[in-house]
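What follows is chain A paired twice: with chain B in the first complex and chain C in the second.
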Partner chain A sequence: MANTKTDEKLQKIAKDLLESGEVSLVIGYAKGSNLQRMRPVFITKAEDAGKLSFSPHAVQDLAVFLKKPEVKKFGKIGIVVKGCDEKAVNALIQEYQISRDNIKIIGMECNGVIRQNIADKGETNVSESAVYDKCLICEEHIPVLYDFLIESEEPKLVLSGNVKPYSGIEKLESMSAEEKNAFWAKEFDKCIKCYACRQACPLCYCSRCIVEKNMPQWIDTNSEETGNAQWNLIRAYHLSGRCIGCGECERACPVNIPLMLINEKMAKDVYNLFGYKSGLDINAKPVFGVFSESDFNDFIK
Partner chain B sequence: MEEKYFEISAENLKKFVDSIIADNFEVIAPTDKDGDTFYGKISRFEEANLDILLPKMSYKEYLLPKTETLLEYSFSGVDTEIKDGLEAVAGANEKRVIFGGRPCDAGAGPIMEKVFNWDYKDEFFNERFKNLTIVSIACEKPDNYCFCTEMQLSPESSYGSDILLKKAEGKYFAVVTSEKGLNLIEPYINLFKETAKAQVPADKDWKKLFEIERTKSFLDKNFEHNYFQDRFLSCIGCGVCTYTCPTCHCFDIQDEGNLKEGRRIRNWDSCQFGVFTLHTSGHNPRVTQGDRYRQRLMHKFKIYSEKFDKYLCVGCGRCSRNCPEDIDIKEVAKDLADMA
Partner chain C sequence: MSRIGVFVCWCGSNIAGTVDVEKVREEAAKIPGVVSALDYKYMCSDPGQNSLRNIIKEKNLTGIVLAACSPHMHENTFRKAAAKEGLNPYFVEIANIREQVSWVHEDKERATAKAVDLMKMMVEKVKRDRPIEDVRVPLNKKALVIGGGIAGIQAALDIANGGVEVILVEKEPSIGGRMIQLDETFPTLDCSSCIMTPKMVEANQHPNIKLYTYSEVEDISGYIGNFKVKIKKKARSVVEKDCTGCGECWNACPMHKNVKSEFNVNLSERTAIYVPFPQAVPLVPVLDRSVCLHFKKGGKCQKCYDACGPKCINFDLQDEIIEETVGAIVASTGYDLMDTSMYGEYGYGKYKDVISGLQFERLLSASGPTEGVIKRPSDGKTPQTIVFVQCVGSRDPEKGVPYCSKVCCMYTAKHAKLFAHKVHGSQSYVFYIDIRSTSKGYEEFVRGTMEQDGAIYLRGRVSKIYEDEGKLIVKGADTLSGNQVEIAADMVVLATGVIPKKGSDKLAQMLGISYDKYGFFTESHPKLRPAESSTAGIFLAGMAQGPRDIPESVVSGSAAASKILGLFSKNEYEVEGTIANVNEATCVACFYCQRVCAYNAISKKEIKDRSGKLIKVVANVNPGLCTGCGACVNACFSKSIDVKGFMDDQIYAEIKALAV
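So, the complex of A and B:
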């Protein structure tokens, strides 16, 4: 398929960055295994910049690669990000995982990406019912931080309000503790402990995850009720106040556990309790990394 | 057993499935769930989705559960009591039928069986495998991720199926390959009409896109090739390829317990995890994700085939469809074949 104007702009920026030596690697999207799929691509030579492309099928959060040792060794990196993904870059800067000086952010204005299982069936149009829930509540169609911005050629996402994003949260909030427990027991029963949620997460960057620590064994290794619940709960806690809502864990999950219900609920609670949203400001202190006298403490009885 | 051939109408096929369910068989079929299709227990024929090419996960868990108890122990004073986990597995799958799976999934069973009986006879696997009855449906339209033909099978292969159903002109032909298959249909034989092999539509001439032997010959000679490090820079090590794979069978043995009691279990494991090969010394022979994905290719297309007469891949394409970063193993295997 021919290059779009967006592709051309993107390729030009990447080419210039690589030619000038400002970065030694550009992480972006290239056309994938079918017309409705894109895949990550790693460009190290200016002449390969022509592989770069962008479309509403660019579902991956490429910030996940910034935690990868093989990628880190490139030093100065250019990265193509949507607004949601860019928040992960910010959170990584906030948590001292990467330096702002070492990253060139190529921000893409995005009006929503199409859910992959729908795209695989041939869907190519961005619409309320085709995009991910995160797109319906998106407030960062234009990334909050960027070195370059490429405006979208796609029509704006029109919301009728008929599709209610993360509607499961409201349902969960109205449940009793027993009902919630039953709901999650059923969902976690599906878990196969592949840890794809962790691997796909740009903010799960521990070089040794707690499930891999076995002296002592903190988390049961089994993929049954106890082990699955422990894993999914510990991950939810480790992401609370940090998750930027890219939804990659849920997209990667091969057994369709609605992980974003947990993450969004946590994010909502953190916002209500502390007025904090993750990934919006590289100079903000992570909410659970600071103590403030004004923090509520009425849970201490 | 010599193959037997039957004809069955679509209506009778429904009756057959509903009858075995009524007779207390647990029927596992592709069924719509959580926005996709998975293998799951059905309570009537209509719940099976036979139009879908492949469910998202394979049915490997019925042969190798994601967690399996090998033994249980308890202490009482100075006495230790040990209970063999095999007791609980006895007779497993005797009343279980996988219905509506595809020839690739069926082909995975005998391929795993070879590994589980190579030196040590894995009684847990064997007990489950010998009892599970597989009724597959031949594929009419493989998709672009499918490459069973390249992997020595075909969309119409009966390898590993006890019964293979082939759809033709609104009815089905049943190719029964085993006693297990014959025993399953015996009580309902009036729904079937025996026929001759010549009446069963011949297999189509399925074309291959590449020769897997060439992929192997590349792997034989190019362990250190840059391709692996470059191509799999996009691999995030999520292990979805191995967990959704019908032939990947690696497991990890763990003990779980307290001062009074405990158990020894085996859990699914994956060569795509960094800790998979991490030595206690701290050394890791597979440092990069490129090393790890290469291992997966090596095991599937080289190592296994040198020990057994098959490859450790049935070409179902699940690892490609489910890869969050769009790594397409068919494309990779073809790349390697082209470079050989």
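So, the complex of A and C:
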């Protein structure tokens, strides 16, 4: 398939960045094994910039690579991001994992990415029923921070309101504690402790994850009820107020645990309680690291 | 292999009355690693401590658990006893079976079971204790006193007389604070300025005291022994070292009679260039740029400059920032009076002759606006009848503050007495709720005001004050006779409530000390550590802590000074070794620990290889600032911070001990 105008713009920016030496690596998308698949690509030479491409199949959050030591060693890096992924870049800057000076953000206007299972059946059009839930609630079709912006050639996403994103949250909220427990026990029962959710998450960057800490071993590593619940709850808790909602954990999960229900519920609660949304401002103080006299304290009886 | 000794204390019947101490001892003896278990009536007594020391020796113990009272009480006692036998003092753990068990439970069986659990947890903890060394922080033997009222001056003088350098910072153009505004002082009626000015002069001339007036503390960082202080010396527009205090400048100032005198509480006027009062220390005027014509009208007026003999007026002087390093700080920022105008029914601010107690002090003062003759602000006539209203704002949770301002009962009695002395044949009425006169000579003083000076005391509140034909009609209740009272007065004096100095909360935040909901600084312990703030190295004095009278303020100033002299008698300050500790291998430098640290104890540390190349950045704990609170431990996602003595594996072992 020929280059689109978007691809050409993208390739030009990457080529210039690499040629001028402003960056020594550009992380972006290349065409995949079939038309409905995009794959991450790492461009270090200007002449390879032609591999870069972008389409509604660019589902991956490439910010995940920024935490890798083998990527970090390139120093100055250019990265192709959608609005959602870019929030991860911001959160990483907020948490001192990368420096704003070392990153060139190539922001892509995005009207939604198509669910992989639907794309695999041949769907190439962005529509309400084809995109991920995160796209339906997206408020950052244009990234909040960028050095370059490439506008979309795709038609805008039209929302009829018939598809309710994250409808599971409302269902969960109406459940009793026992019902919720039963629901999650069933879901977590599927967990095989592969930690794909962690590996796919751009904000799970600890070099030693808490689950790998032994002496003492706070979290059971075996894949059974207690250990599974411990892992999934601590993962969610460590991301509360931090998760930017890219959905990569859920996409990576081989046993289809609805992780975004937890993530979005946490994000919703954090917003309602503290008025904070993650990844919107590199100068904001992350909610986890802030305490003030006006914090609610109804839980102190 | 652990060799643990468990000591179960009866605390007389305090513990033994509710907890089966023998059972706790028996259970302890069963735990692997426990080589000695003992119960005793009072472990903290000399024989108790001796038996502990003997068993350490005999059984060659590696750790000790005391099932006893709160570690707040005797942890130190037992640590010292253990240290005498060569055991690291941090190998002593306390299971609190008094405050957390016997005092809060009634059912002996269940209380005993809980006591056993707590003891077991501590046995597992002590098995995992590592030796901890206390941290030694070097001390800069210099002190900062913030606020030059009587408390601050007393603190500064005592510290300076102890041979230690002091920096005394005062916001106003002169030191002296509130006390120098007062006329005569209860209960001895000695003149306030007569006893205050010698202290002010002494502070100014003391070789160990560096005085910064018209200056404010701008920023404070650091910790005990090593506080970095930035002091803003506001532009005075007068070169202090050249000024002779002759007064030619303020006499020449055309802004005469235009600016209300703060010192005289708006009862007189001052010029733009002024000294607040004739005995000001230093006797160097300040040019108030907010009202000076030179600054307001483009630099034309320079009458003060023309009049000045030594030409020490300099309109171009700028604010100066002075940086100092000190080892200890006294916060003595004093108080303000509540804004009484919110009591609309009393007409303060509406009727000129309704004044505050502090204004009445100025009317009484020989150096005041009326040179000590009591005159009504409205027409300058001498009042024949004055109504004094106590508890205006104080003890009034609805509109004011719930606390008692403490000094009003006494100064009102003094006001009524001095009024009787100065205006013969006059009559005063005092509305009060209760009379609080508990210090030496106070009750006799109030009695004297009633019995010798004829003041009529009415127990009740005033409901309304209004003006009628040149008189102030005061309506109130006399609850003792059950009658409504109406008095036609020439003047009304309101005993206004005391509140912390404006901005003291900001200062407290800068200092990192705690304050109560009103803004008064809180003591480290209200009874046993009344001079210490919640932060090591910062001490408190005077009304900034709460309402108190002059002798109490002086005592508190001296107390703070003696604490500082005691601290400075050593070259180093020992900080408990139970502070945070970073695992640099696993730290990913997200610095949530730094964000949540209330003590600014965490900084960034670069780890470099031998060639100087940066390997990684990690969190670093400043032992002088860390209090071991553990907030960072909670914030660390990768569990890369522990607090020594409360290590992760110890907490885990404690929990596990409960499960079996």
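In the analysis below, the second predicted complex is superposed on the first by the 301 of 301 C-alpha atoms of A that agree within 3 Å, B and C clash if a C-alpha of one lies under 4 Å from a C-alpha of the other, contacts with A are read in each partner's own complex, and residues count from 1 in each chain.
Note that a contact is a pair of C-beta atoms (placed from the backbone, for glycine too) under 8 Å apart; a residue touches a chain by one contact, two chains touch by 3 or more.
Just so we're clear, the structure is a prediction, and the values are computed from it rather than from any experiment.
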Side-by-side fit of chain B and chain C on chain A, or clash: fit
Per the overlay, which chain contacts more chain A residues, chain B or chain C? B
Kindly classify A:W218 by the partners it touches after superposition: chain B alone (first), chain C alone (second), both, or neither? second
Who does A:C206 touch here: chain B (first), chain C (second), both, or neither? second
Please indicate which partner A:R39 is in contact with in the superposed arrangement: first for chain B, second for chain C, both, or neither. first
Following superposition on chain A: angle at chain A, chain B versus chain C, Cα, nearest 10°: 130
Output check: A:K285 vs chain B and chain C. Expected answer is one of first, second, both, neither. What do you get? second
Examine A:Y96 and indicate which partner it touches, taking first as chain B and second as chain C; both and neither are also allowed. second
Which of chain B and chain C A:H238 touches, first, second, both or neither: second
What is the minimum C-alpha distance, in Å, between chain B and chain C after the two complexes are superposed on chain A? 6
Chain B/chain C common contact set on chain A: 208
Which residues of chain C touch chain A in the complex? 585-586, 588-592, 594-596, 617, 635, 637-640, 648-649, 652-653
Contacting residues of chain A [partner chain C, same complex]: 95-97, 205-210, 213, 215-216, 218, 238, 285-286, 288-291
With touch defined as at the start, can you tell me which chain B residues reach chain A in the complex? 33-36, 38, 56-57, 66-67, 144-145, 229-230, 233-234, 236-240, 242-244, 252, 254, 256, 265, 267-268, 270, 273, 275, 288-290, 320-322, 324-328, 331
In the complex, chain A touches chain B at residues 32-34, 37-42, 60, 64-65, 68-71, 117, 120, 192-196, 199-200, 208, 212, 217, 220-224, 227, 248, 251-252, 254-256
